[in-house]
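Pasting the structures in now, so scroll down.
Next come two complexes, and both contain chain A; in the first it sits with chain B, in the second with chain C.
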Partner chain A sequence: MTTEQPALTSPPPEKLTSKRTRRQISAVATFLVTLFLTFLGLLAITFFIGRVIPIDPVLAVVGDRATQAQYDAAKIAMGLDQPLYMQFISYVGNVFTGNLGMSVSTGRAVAADLSRFFPATFEMATLGILIGVAIGVPLGVTAAARQGSWLDQAIRVVGLLGYSVPAFWLGLVGLAVFYARLRWVGGPGRLDIFYDGLVTPITGMILIDSLVQGEFDIFWNAVWHIVLPASVLGFFSLAYIARMTRSFMLDQLSQEFVTTARVKGVPERIVIWRHAFNPIRVPLITVIGLSYAGLLEGSVMIETVFSWPGIGNYLTTALLNADMNAVLGSTLVIGAVFIVINKVSDVLYRVLDPRAR
Partner chain B sequence: MTTRDWLLADSPTSRWQANAGRAYRVFTALLRNPLSVLGGVIILALLLTALFAPWIAPFSPTGQNLSQRLLPPSGTNWMGTDELGRDIFSRVVWGSQITLTIVLLVALISAPLGLLIGAISGYFGGWVDRVLMGFTDIFLSLPKLILALAFVAALGPGINNAIIAIAITSWPAYARIARAETLTIRNAEYISAVQLAGGGPIRVIVQHILPLCTSSMIVRVTLDMAGVILTAAGLGFIGLGAQPPLPEWGAMISRGRTFILDQWWVATMPGFAIIIVSLGFCFLGDGLRDVLDPKSEGKS
Partner chain C sequence: MSSPLLEVENLRVSFPTHSGRVEVVKGLSFTLGRERLGIVGESGSGKSMTGRSILKLIRKPGEVTADKLRFEGIDILDQNEKQMRAIRGARISMVMQDPKFSLNPVMTVGEQIAEALVTHQKLGRKEVQQRILDMLVAVRINDPERVAKLYPHEVSGGMGQRIMIAMMLIPEPELLIADEPTSALDVSVQAQVLDIIDDLVTRKGMGLILISHDLALVSRYCDRILVMNAGRVVEECAAGQLDKAQHPYTRGLLAAMPVIDETRDELPVLDRTQWAGT
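And then the complex of A and B:
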């Protein structure tokens, strides 16, 4: 409220532009502050999970046969003799300097592990969202254009299945049908075993690395392996995107300007794809952003099923080994990416939609 | 005067008659939508299966018979047998009890919690609102499944901890709804009347605000149940939910993973149970929303 007060004193006309810049700056500042607070919230939750819930974190490290002296030394080394808020501050400091602790199961730094596994997850989720958008948007538009037809009903069922089919189950059934029976796609993993380790990682995304190095055999093998997991992931975003597109389109098609265009004899194809579709592009960006963030989450299950060496697989392995540093590190990274995608699609909406400015 | 006339009376003579009449109207409106009838039938079937599991299941859910390992579906074993010779159909039937328990407990913990936080936030406004909603927004912008996984990892695997973890991650959506509803009724005249008559905040919130939030809450909880079932099954699949030999559906799918290429029925059958029950909640929730809360259609 305080930022609005100078406006009351009616600035001279030449100051108007600076007023607008100031408003933009304050909008950016608000955005950054919310982003920072949300991150802090995420950190508080992971801190709480890691330090407060376990009955005795020191005992978990030294084991129950340690002497009292060893126990006390470990407690001081872990900083657990400090008050809770000091522990939290040093935790935040560690995270911001990229120190997420050591993983018990891999014996490496969690941060290094995560940066090694992240590209595989990113590659699969990105392909998944591309599939979801490429199929989901046209499906949603068609369903709205032919409301009540059998196609509309079928798309409605697909949309509901997206909410009720377990991702890991669909992955398993996909493996049984398309890999074991039909041999259309590759099995679990990113490549066949004899191709493993032949591409030097540049980006860590095999599809890109193999193309850059001209290894087309490996590229096609990687495609053969990624198609099924990415399609399963894509199905879930497709279901959501198609459902939302349909509902946005129905809103537009009932508007008067659409009726006017039809009365004037504009071809139906142009009415649908220009008059009705153009206004929904902005809300669709938010929907796509949300579903992209959701895919990162969904990839945890899919990666477990397909033995895909990404963050999700790393997280589930760590969960079963009670490797808390690795669990919290992965939670932080997935959570942070999730928050950023969420907030950015929110901001994009405001930037692109003139009414929301 | 028939029962129907009594239920549909324009000027009910008692509070009980008014409530019964409203319930009757909702019920008949639901009957007009075939999908919500289907959803209701599925949920009813789930309830009955869970209640009468010992009589429905032909075999024991945990009894092993190694000479009957991995048999395909047949007349005696409708869904085949698993790697320990247990009848999968019997296990799916008993598993309905676990699913129902999880769903009920999550709803009973998270909905009242969210309702209370949202109503307090909306009623008092000011810094109370800002703090509570800031907290809610942070929880809302975090990935639910990952958070639930991390909570279970810290609390230790098991069905109770899975329920706690899912409930912790699902209250914020309810708090948002309850706050929005509270804001629209907070300044109503009948609320001022109660305040003038000396009603304190607790009385206003509990007796006059919470009852008005319940219908949109019921819709939202029913729609969310599919997600709760999927999360619980996911925790079971990873090995953090219900522990063996409990016949939890997600854990059963996880056991069948090894045999998916040759004995497909071990992993697929429990999956069908999950899909049918989740679809049932989706159908019923969609129908309830159309009847109770038609404004919110199209929003996710």
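And then the complex of A and C:
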């Protein structure tokens, strides 16, 4: 943190601008360096995990009927005869060139697999968190503003359900009611079968790809399919977000500056949203960021119930098949997601809280 | 004295607890003209609650009753929230205790002062800006343009309190309640802040209720003093006649005040058995 000198006489304007630009450039540089270092730390961890897990990667490739000569040849081909630091360097090099190795269970490159599975999770998680925030935050604020009322109690019950209902049960009931009976939403899968494979993947997110290619039928079909699983995910994050929002708000509403605002004659709606809500945006971002990261890890339950080809399922399958490359690749992606979300939160803190600047 | 600005008769404030309702203000009565009234008392004597009930800011489950609570003929207890909002800030305002907590940490000083003004008056941007700068000058801030852009954590306590005063006086209210306006400040800036309040209140002919636990300070800045203890007024007198006070509580407080150059080793302790029934 740079501490600002109290300027007794304001410096000439052009000097001020150059000073500010320089400070911004150095802030961006620091940001990028820490981002890189954090990522390197993540790579070190995944690399380390890859070495300590008692699975012989060579054996996984050649199979247990291979001769010793074949085994040794494979070991050299995979670079596992090299010293550990050389292996790490080549691992880092591979990761940065997008080479995460082959997946034993799917028979494809892990990078290719991830670029298919992760966007599916990303799409659903993003929609889920949007639903969670769009409904959870106002619910939490309302509950706090009317603490102790029946509305507060009702919101608390909704939150409690979100905590205690199992995901697969809610998913199945959702499918039974809204898909099988009411036909309001599409069934499992990302698209109806006859739309499958019609859009060329660009981002891997069907909602975006179909829009870009002008395939509106496919877009609406994808919406129709994603609404239910995203809502189920959204409901769980909503419960958590609403609860946290409520407790942050209660804390703020008892602050003196909120009374100050009331003394000024400010309408209650503005007291709540401008004076009590604005200061809690920073802790809320932490809560939202963590829930979002949690959703991006992929939910095996939801993905299984909705036949969603997401990273949660991919990772679980890989784990059960001792598919090391796939496990490490997925871990890397999920770790990177956490890093990015944390960094974005850091930036938002500074935007939203003058004390953090 | 003109017709009273504020009439309070038998004001009671109570809060529910596990052992029934507890009254924190027990039948307070006074009238206030365009004068400076001091309310003195120890912590928990109900003086802040008195200030807040005049603004109808006692939140549920707190309850306020009074035989009469009239501001310029308006029955405060009869007003709904919307009518109260038109009175708060615009006609009755309150300076709070500690600027560290009573200013919004994520809004600039200028925005907060502007909010106090535009809540009650429709004005153009330029005019609002000008009024803010004038007001900041009035509370003796020398470089108002710079200060208006600062956040509360960037200003000192004394300056924070002057900003608070600016914010509360900018809509030009008729009555200002100052609730312990200097108890969070260094002694060196206390007089400065009170001088500013005194100066502005006198110049605009406003009524002032100065709530404090500091007898000396109140007697210096007020015309009349109410001494409160345990929710009741125990003494009412003109500021100059404090030394003729009758009630043992007031006498005890006065006796406990150290004087420069005195030789007492120990200050006397209040003997509460003389008046307290509880």
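FYI, the second predicted complex is superposed on the first by the 275 of 357 C-alpha atoms of A that agree within 3 Å, B and C clash if a C-alpha of one lies under 4 Å from a C-alpha of the other, contacts with A are read in each partner's own complex, and residues count from 1 in each chain.
Note that in this section a contact is a pair of C-beta atoms (placed from the backbone, for glycine too) under 8 Å apart; a residue touches a chain by one contact, two chains touch by 3 or more.
Just so we're clear, the structure is a prediction, and the values are computed from it rather than from any experiment.
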item	value
First, second, both or neither for A:Leu315, with chain B first and chain C second	first
First, second, both or neither for A:Gly93, with chain B first and chain C second	neither
Partner chain(s) touched by A:Ala176 [first = chain B, second = chain C, both, neither]	first
Which superposed partner A:Thr331 touches (first chain B, second chain C, both, neither)	first
Which of chain B and chain C A:Pro201 touches, first, second, both or neither	neither
Touching partner for A:Gly41 - first (chain B), second (chain C), both, neither	first
Contacts of A:His275 with chain B and chain C, given as first, second, both or neither	second
Residues of chain A touched, compared between chain B and chain C (which is higher)	B
Touch list for chain C against partner chain A, complex	55, 57, 81, 84-90, 93-94, 96-98, 101-108, 115-116, 119-120, 146, 151, 153, 164, 167-168, 171
Chain B residues within the chain A interface of the complex	134-135, 137-139, 141-147, 149-155, 226-227, 230, 233-234, 237-240, 250, 253, 256-257, 260-261, 264, 267-268, 271, 274-275, 278-279, 281-283, 297-298, 300
In the complex, chain A residues that touch chain B	37-38, 41-42, 45-46, 49-50, 53-54, 160-161, 163-169, 172-173, 175-176, 180, 240, 244, 247, 251, 293-294, 296-298, 300-301, 304-305, 315-316, 318-320, 322, 324, 327-328, 330-331, 334-335, 338-339, 342-343
Interface residues, chain A side, partner chain C - complex	7, 10, 255-257, 259-268, 274-275, 278-279, 352-355
